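Each of the next two complexes has chain A plus one other chain: chain B in the first, chain C in the second.
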Partner chain A sequence: MFSFCVDPASLDDLAWMACYLTTGKHMAIYTSVFTVFLLLAITAPTALAFGFLGASSARSHFAPLSWIGKAYIAIVRGVPDIAFFLFFVIALDQLFEWIRHEIKCPDWTDSIWQGNDFVVCDIAKLPLGNAPQWVHETYGFFLAVLTFAIVFGAFAANVLYGAMRAVPQNQLETAEAYGMTRRQVFWRILVPQMWVYALPGLSNLWMVLIKATPLLFLLGVEDIVYWARELGGAKTARFTDYPHGDWRMWYFLALLVFYLLFTRVSEIVLDKVMLRLTHGQATLAGDAQRKAA
Partner chain B sequence: MSCWETIADYGLRSIGIGERVLPREGFTLCQQFTLIGSGMIWNIYFGVLALCSGFFLATAVALGKASRNPVLQKASAWFIFLFRGSPLFIQFFFAYFLFLSLKPVSPIFDPFTSAWLGALIVLFLNTAAYSGEIFYGALQSVPRGDIEAADAYGMSGWSRFKRITWPTMLRLAWPAYTNEAIFLFHATTLVYFSGFPAWQQRGDALYYANFFADKTFNPFIPYPILAFYFILLTLVIIGLFGLINRRLNRHLPQENRRKMALKLNIIR
Partner chain C sequence: MKSILLGTAALAITASVAFAGSHSVVRMGTEGAYPPYNFINDAGEVDGFERELGDELCARAELTCEWVTNEWDSIIPNLVSGNYDTIIAGMSITAERDEVIDFTQNYTQPDPSSYLALDGTEVDFDGGVIAAQANTIQAAFIASSGATLVEFATPDETIAAVRNGEADAVLADDAYLRPIAEENADLVLLDRQELIGGGVGMGLRESDTELKDKFNAAIQSMKDDGSLNALLEKWEIGPGF
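Let's turn to the complex of A and B:
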């Protein structure tokens, strides 16, 4: 990248390092940091939406809907999350392909399960066999986001379900006494008040979500873990201008520090948010602020 | 081949006893149940050992964080932050490559690069940090009256800690500690996906479940089997910890006992 990087072998340590850390491949690891942020930026709101749907259906008075909501919350919580990550990525992929298969090739008679293979007709493949590389990568990332959203949606549903039950019952009864319908009570009274109760759980969930991002690697996305393994491995002078020994330990140390800093910053920001939200609330935290002032 | 033969062949496959070659084709339900179940041996091994050893370090770390000595206090707080603030997955990777680079230094480090010891150490430190934080929180909420009563009886130092502070801390922390135990067992599934090699295909339950899913392209059988085993394991843990909880609370009137509230929502 720098102009003095023409002949790396002749450089001294510091300059060598500067050149080494700015090679094309290292740019890939820096962009993959943005993949992590992108994943968080998309997953967090989606998971919240899933969680909201799950929690409100678990509260529903229509029994089957409430069972679905409760089952969604219960199943995802009882099993190791990583198993779900591995499961959903294949399952969702097959589900999409199967739906497209049913629509696009209705006259296909063979079973889609042939021995140890999952076979759909060519035009139902996702992405299409002749699609460019970036489509494959984007599709893989999309599946990963959806998987994260489903798993974390269940956690969020659990938090929101608890928060909805924490809203004082008198508030809801008062609203009903004013003649509001169930729908109005839900949207005008319950939903606006539940956030303060949900925030501690949700911020905990955010921390957990940050710490789950390296699992992207298991879903086949070329993320920071992938690049740290790639770049850290021993390189001989035959294949690269920057030969070095096995540096994977240092790469993962750097990742460790990155995650520690990220969680620390999140912690500080979330504490600030909580301080703002509890301001003036009739809770212990609100009282503490009032007394301090 | 009958199912009994499969169980005889593969029941202890994950620890290297029985048939060497994994099934290649025509995967039966029985094979999947047996092999995934056999992998559970490793999950239980990691979980039980890390939990038992981590308990003592966790107590030490909690006491350290609550101590007035600034050096001890800072060291414990940093230890907890280090292991709770970073993903377990990265910790595994880092530890594995650390041990790998230490290997040329001395042959002592040879066993550390295999999962049975290396991963166990990471899990031990990790659970010590998580439980340490739980115990610290409980230690902070030991009622002052209890300590004052102990003082009035002339107890101090070690005897006060052993007979008053520590049991009360455990009693307060136990429901949260149960959850921590469940998560630790869930976290053991990460071991064979994070650098540590599964030598001769001896892996844990998720390793085999993933093996079957890869071979059959059908995730709908192995993963539910895995889920079944884990739900079973979770119920066993809840049962055992419930018994201990009853013993810890045996002197309290029924309505004052702390209920075991099951909250499962943490990855690390």
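Let's turn to the complex of A and C:
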């Protein structure tokens, strides 16, 4: 990157380090930090939406809907994450391709399973085989978001389901006594009050989600942990201008600091949110706020 | 959920607009962590013997190729489900793998596998602890010998295991271990070698015979005019043809 980086072997330590930390390969780890942030920024609200749908259908009075909600919560929570991320994503990708295949190539007579191979017609591939690499990467990224959202949505659904039941029953009964419909009770009384009960569980989930991002590499998205391992591994002079020993410890130390800072900031923000949510609530913390005021 | 569905749909539509054709772009899947076969260079790009070989093969077969990296563990499932079209990742041709995927003819001679250990250690080949990368011919070999096998996801970790004493030695392709032994005074190659594997070939889907024929022809032409030998010599990978 810098003009003096032509012959790294002749540089003194500081200049060598400056050149080393700005190689194209290091740029990849810096961008992967943003990949992680982007993933979290999209996944968290999506997972929450999945959770909300799951929880509200689980407590639905319409039996089949309630079964679907409960089955979603039970199955996804029970399957180990790594199995989910290894096989579910490939299956999901194949499902999308199969649907496109059925629509776009109705004349296709061969089976889509040929021995071990999953073969769909060329125009049904997702993304198309000749699409540029960034399309493939974006598609992989969205598959990752969807998988994360489904997994964490199930946990969030369970938290929200519990939170909905924690809202005092007499509040709901009072609302009904005032003549509110079931829908009105749900949206005006239950939902606004449940968050205070849900937040501790949701904040746990958020912390776990932050630390689950290395699972991204299973999905072909290169995240910071992958790059730390790749960059930190011992390098011999034959294959790089910057040979060094096993530096994984330093890279992982940097990751440790990154994750600690990130979770600390999250904690501070979540505390603020909690403070707002408890305001005026019929809980211990809400009561304390009222007395202090 | 809605935004995701919309996003996926939008992606699907943009993808469909592009021109479709049989293998107008061939996606080459590699690991990027096994020098000299394949590795990520300082610029962050795939480099190594197989990068040069693959680019030359694509030029000869008149294909447009694109390089993709994938973790070793899931490299075969992702090929089979069509996420890329070839595996070119120092993968030895074995009967077990051949049941799942197809191989082109080999582009390296069967390369002996060597043991790397800390200088001065006595390695017990029948009862000791030997490290190898998971899902490799070396791992299968150790598992069937008397020694205890410890597996790692990446080649790099197998070397680290020897360094920190977790394993007595590591078994891997000679071409991978040799530069490491040459540059580290504390690590040595042992005299004993194992002759396993049938050489390295490109992996393809079994249904993809057209592409296999193209690459087979290209490899044959590189064998015939000696350019493959020149590459093998440049990257110091085993004997030539």
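We adopt the following convention: the second predicted complex is superposed on the first by the 279 of 293 C-alpha atoms of A that agree within 3 Å, B and C clash if a C-alpha of one lies under 4 Å from a C-alpha of the other, contacts with A are read in each partner's own complex, and residues count from 1 in each chain.
Going forward, a contact is a pair of C-beta atoms (placed from the backbone, for glycine too) under 8 Å apart; a residue touches a chain by one contact, two chains touch by 3 or more.
Because the structure is predicted, anything quoted here is derived from the model rather than measured.
Aligning the two structures on chain A places chain B and chain C in clashing positions. Of the two partner chains placed by superposition, chain B and chain C are both touched by A:Leu218. Within the superposed three-chain model, A:Phe118 lies in touch with chain B and with chain C [touch as defined at top]. In the superposition on chain A, contact of A:Leu86 is made with both chain B and chain C. When the two structures are aligned on the shared chain, A:Leu253 is found in touch with chain B, with no touch to chain C. Shared-chain residue A:Ala234: touches chain C; no touch with chain B.
Of the two partner chains, chain C is the only one that A:Phe96 touches; chain B does not reach it.
Judged by the touch definition given at the top, the superposed model places A:Glu176 against neither chain B nor chain C.
Counting the residues of chain A that each partner touches, chain B and chain C differ, and the larger count belongs to C. Clashing C-alpha atoms with chain C appear in a single stretch of chain B, chosen from 79-87, 97-105 or 241-249: 97-105.
Overlaid on A, the two complexes show chain B and chain C touching the same residues of chain A, namely 86, 90, 94, 116-118, 217-218, 229, 246, 248. Those residues of chain A that touch chain C in the shared complex are 23-25, 27-28, 46, 49-50, 53, 86, 90, 93-94, 96-97, 100, 114-120, 122-123, 125-131, 133, 135-136, 138-139, 142, 145-146, 149, 217-218, 220, 222, 229-230, 233-234, 236-243, 246, 248. Contact residues on chain C toward chain A in their complex (touch as defined above): 1, 3-4, 7-8, 11-12, 14-16, 18-25, 27, 32-33, 35-36, 39-45, 47-48, 64, 66, 68-71, 74, 77-78, 80-83, 85, 100-101, 154, 156, 159-160, 163, 179-180, 182-184, 205-208. Put simply, chain B touches chain A in their complex at residues 25, 27, 81-82, 85-91, 93-94, 97-98, 100-101, 186-187, 189-190, 193, 206, 209-210, 213, 215-220, 223, 226-227, 230-231, 234, 263-268.
Of all residues in chain A, only 75, 77-83, 86-87, 90-91, 94, 113, 116-118, 155, 158-159, 204-205, 208, 210-215, 217-218, 225, 228-229, 232, 246, 248-249, 252-253, 255-256, 259-260, 263-264 touch chain B in the complex they form.
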